[in-house]
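Quick heads-up: structures coming right below.
What follows is a pair of complexes built around chain A, which joins chain B in one and chain C in the other.
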Partner chain A sequence: MTQWTVLYRKEIKEMVRNYKILWIPIVFILLGVIKPVSSYYMPEILDTFGGLPEGTILEMPTPTGAEVLMMVLSNYGMLGVLILVLSAMGVVSAERQSGVAGMVMIKPVPYSSYILSKWAGLITITLISLFIGYVASWYYTSLLIETVAFEHVFQSLVIYSIWLVFVVTLTLFFSTIMKGNGSVAFVTIFVVFAISTVTSILGKYMKWSPATMTEHTGQVLLSGELDSSFLLAFITTIAIIIVVLISSIQIFKQKELLE
Partner chain B sequence: MNELLNGIPWGAIAPILVLHLILMITALVSCIREEKTNGPKWLWILIILIINLIGPVLYFVVGRRND
Partner chain C sequence: MELLKASDLVKRFGNTNAVKGINFHIEEGRCVSLLGPNGAGKTTTLKMLSGLLEPTSGSIDFKGEKAKDLRQFIGYLPQYPAFYNWMSGKEFLVFAGQLAKLNRKETEKRSDELLERVGLTNAKKRKIGGYSGGMKQRLGLAQALIHRPKLLILDEPVSALDPLGRREVLDMMREIKEETTILFSTHVLHDAEEISDDILIMHAGEIAISGSLGSVMEEKRQPILQIEFESQAVDWLKSIASYSFVSEVNIQGNKASIILKDMVNGKQTLLKDIVDRKLPIRKFEISQTTLEDLFMEVVKA
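So, the complex of A and B:
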């Protein structure tokens, strides 16, 4: 346990040193804030730069606060996921290639502590970024468009964070089994989008899929009520996360540390 | 022009500009202090300064050597 704490502290220190702890939350805030601001100013932006002919009447319904927050989350689902995966891609593979992992594992450190400290570090930065960004976006939405009940926002935040934890766990897994940062990022993003696409096409048969978390967040935001299939999806997602973590540890044990 | 400037609600916009600035400065500081970047350093400095939001992010993801 103490070894785990030391390793975890090293992870945090490293994120401070390479500014991840600063730039990822800032990018999440900016991604979250752009949507409410741009949907509030859309009529004026069109007025000034649109070059519409005189007398055109454009009826643009202002989206409700919940809709804006849904758009923000779908933004996080694309660009946010991309940034998280790209920033986490080298978490194990780069350390193995540079020999740091070998240096750590020479000491009697359990393999599980190593992987779990990496995982905890990734989860920390992911949740901090999502929380700060989403709260900022909620603040701007309340300021410019309309207030959305905080319970709904909080619930949707919790459900959405499960999906991001799933994505980050997958990144860690592929970073353990593959060499080369680029291929890790490519495969992870491919798998994540494949899961989302298959889930949205075969919606009826995929009620257990982790990707339904994004639909559940939308529902909570709009109506404040959870679908009955949420529990099933929640259990499978947690189960998949645990299985992926355990197999990452097992595979990491069998890998050569220095290549 | 003045009317346009006065119409902007600075209370809402200023934090966004400040965040952009912080992101840019962090990337610049990191880039200058780094011994070696992936690719020429002056190019990264230009990219960070010119391309808004995406420039610093690109630098942090691709330009830094993480070792």
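So, the complex of A and C:
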């Protein structure tokens, strides 16, 4: 068994022991289910709690299935990202702070194995949560509103996961270069927010931006067609992820462990 | 045989030189203690030897060859060992063993063996989070030994322990010393005197004294006179510094230690002085300088 496998198995075991493997998918399921359910029951909810004057006639267009799923993904983009970043912020920094990272690195472990096992652990929990949550959301949407073609859902899932992988990679990077868990989360959220904002404001010039993944996701859901700029964005996102990972490993090598 | 040799090892942090070009070697099978006051550069040196810290310049040879990654051959116990608190003691040892490239079966066997040896067999299934400081230190020792290292490096292995824990760890080191070479840092001089074969004294990033404990003590040994008074006698003690046979006077409250160049002549003159002046003394003792005196001499200089 390679050292990478040993470290990766330790990551998974840790997530099982501290129940991360349970509660993060549950949060994603809740975030995914609440939208179709609330859209479906909106007229009744308004009826009961709305306190509207007698005789008001409300025309509430029920959103289409694809629209509901888009809203779900935009929820994942806010709360989902927040949960992922908060749960991943200490991935390297906490181990450096406690000194246990040093205890690992005094064994003949390549620096890349350490960082890449952390990355793989984060990707695992991210993809599991997104997959389960999104499938639950799709199931409720087809139950209550309408069935969205599975291919579209699957394609959107794949594209959206690239964006989350990007976010998680950034978290790992900042967790490697900074020490305080809080500042790691703050900086990561800030950078992700900045990328999204700049991308939506300067859309024309930002066709390569990783944040366009969220737009491509919507496109696929609504029309089933991919925009031509997807390939460019896909390539740059993967390239950025690779560069960020390599720099994380290099920076980790320079850090003093066991202070 | 020479196991490890450090040549012109330098470590610079920003503008400060933590280690200023030190040279020394470690013979195979010896137990070497690295002494020095806080901030002398002991931990930095140990970290460079263990491969955790890149030296700014200089080289480390292992068994006569330039070493690239020494970590395979070295077991290291840091001053404050840290663990994954959610793991059990056994789990951590198996984890450490696998990281050191042992196979699963071998690791299991070796872990049980070491747990037995460090007296943690009964606690091996408990979470490390619930271990006491002494137990963590012993687990740290076990993880350092898991891959049968050629050189065991211990950074202040006993400083943080109570007298009982200290005794246990020292006894374990005495056993381990039969099988492997040990390099440990400490500022408890008594421990160094007790178990080490060779000593290295560091001060301000440099090696001040090195050699086998016996020969260093022999070479630096000086006769010393210890006098304890019933009340302070500072005036007289200051005046005796002018005698030609006195080389140094250290006063600590009612006690004084006087290093003499000529014991025979000196003790008689001083004793006569004391009688003449009717100085009230409680104790008048002739002894040899200890490692502590040597250490103080180096550090003060």
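One rule holds for everything that comes next: the second predicted complex is superposed on the first by the 257 of 259 C-alpha atoms of A that agree within 3 Å, B and C clash if a C-alpha of one lies under 4 Å from a C-alpha of the other, contacts with A are read in each partner's own complex, and residues count from 1 in each chain.
Note that a contact is a pair of C-beta atoms (placed from the backbone, for glycine too) under 8 Å apart; a residue touches a chain by one contact, two chains touch by 3 or more.
Keep in mind the model is a prediction, meaning the values are calculated, not measured.
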- request: Could you look at A:V37 and tell me whether it touches chain B, chain C, both or neither (first, second, both, neither)?
  value: first
- prompt: So, A:V109: does it touch chain B (first), chain C (second), both, or neither?
  reply: second
Query: When the two structures are overlaid on chain A, which partner does A:V27 contact: first (chain B), second (chain C), both, or neither?
result: first
- prompt: Counting only touches as set out at the top, which of chain B and chain C does A:Y19 meet: first, second, both, neither?
  reply: first
Task: Please work out whether A:K207 is in contact with chain B alone, chain C alone, both, or neither, and reply first, second, both or neither.
output: neither
Message: Between chain B and chain C, whom does A:S98 touch in the aligned arrangement: first, second, both, or neither?
response: both
- prompt: Thinking of the overlay built on chain A, is A:V6 touched by chain B (first), by chain C (second), by both, or by neither?
  reply: second
Common ground on chain A, meaning residues reached by chain C in one complex and by chain B in the other: 18, 98, 100
Message: List the residues on chain A that touch chain C in their complex, please.
response: 1, 3, 6-7, 10, 14, 17-18, 98-100, 102-109, 256-258
Statement: Per the touch rule above, chain B residues touching chain A in the complex are 4, 12-13, 15-16, 19-20, 22-23, 26-27, 30, 53, 56-57, 60-61, 64, 66-67
Message: Per the contact definition, I'd like the list of chain A residues that touch chain B in the complex.
response: 18-20, 22-23, 26-27, 29-30, 33, 37, 48, 83, 86-87, 90, 94, 98, 100, 140, 143-144
Message: Per the contact definition, I'd like the list of chain C residues that touch chain A in the complex.
response: 47, 50-53, 69, 71-72, 74, 76, 78, 80-84, 86, 95-96, 98-101, 103-104, 143, 147
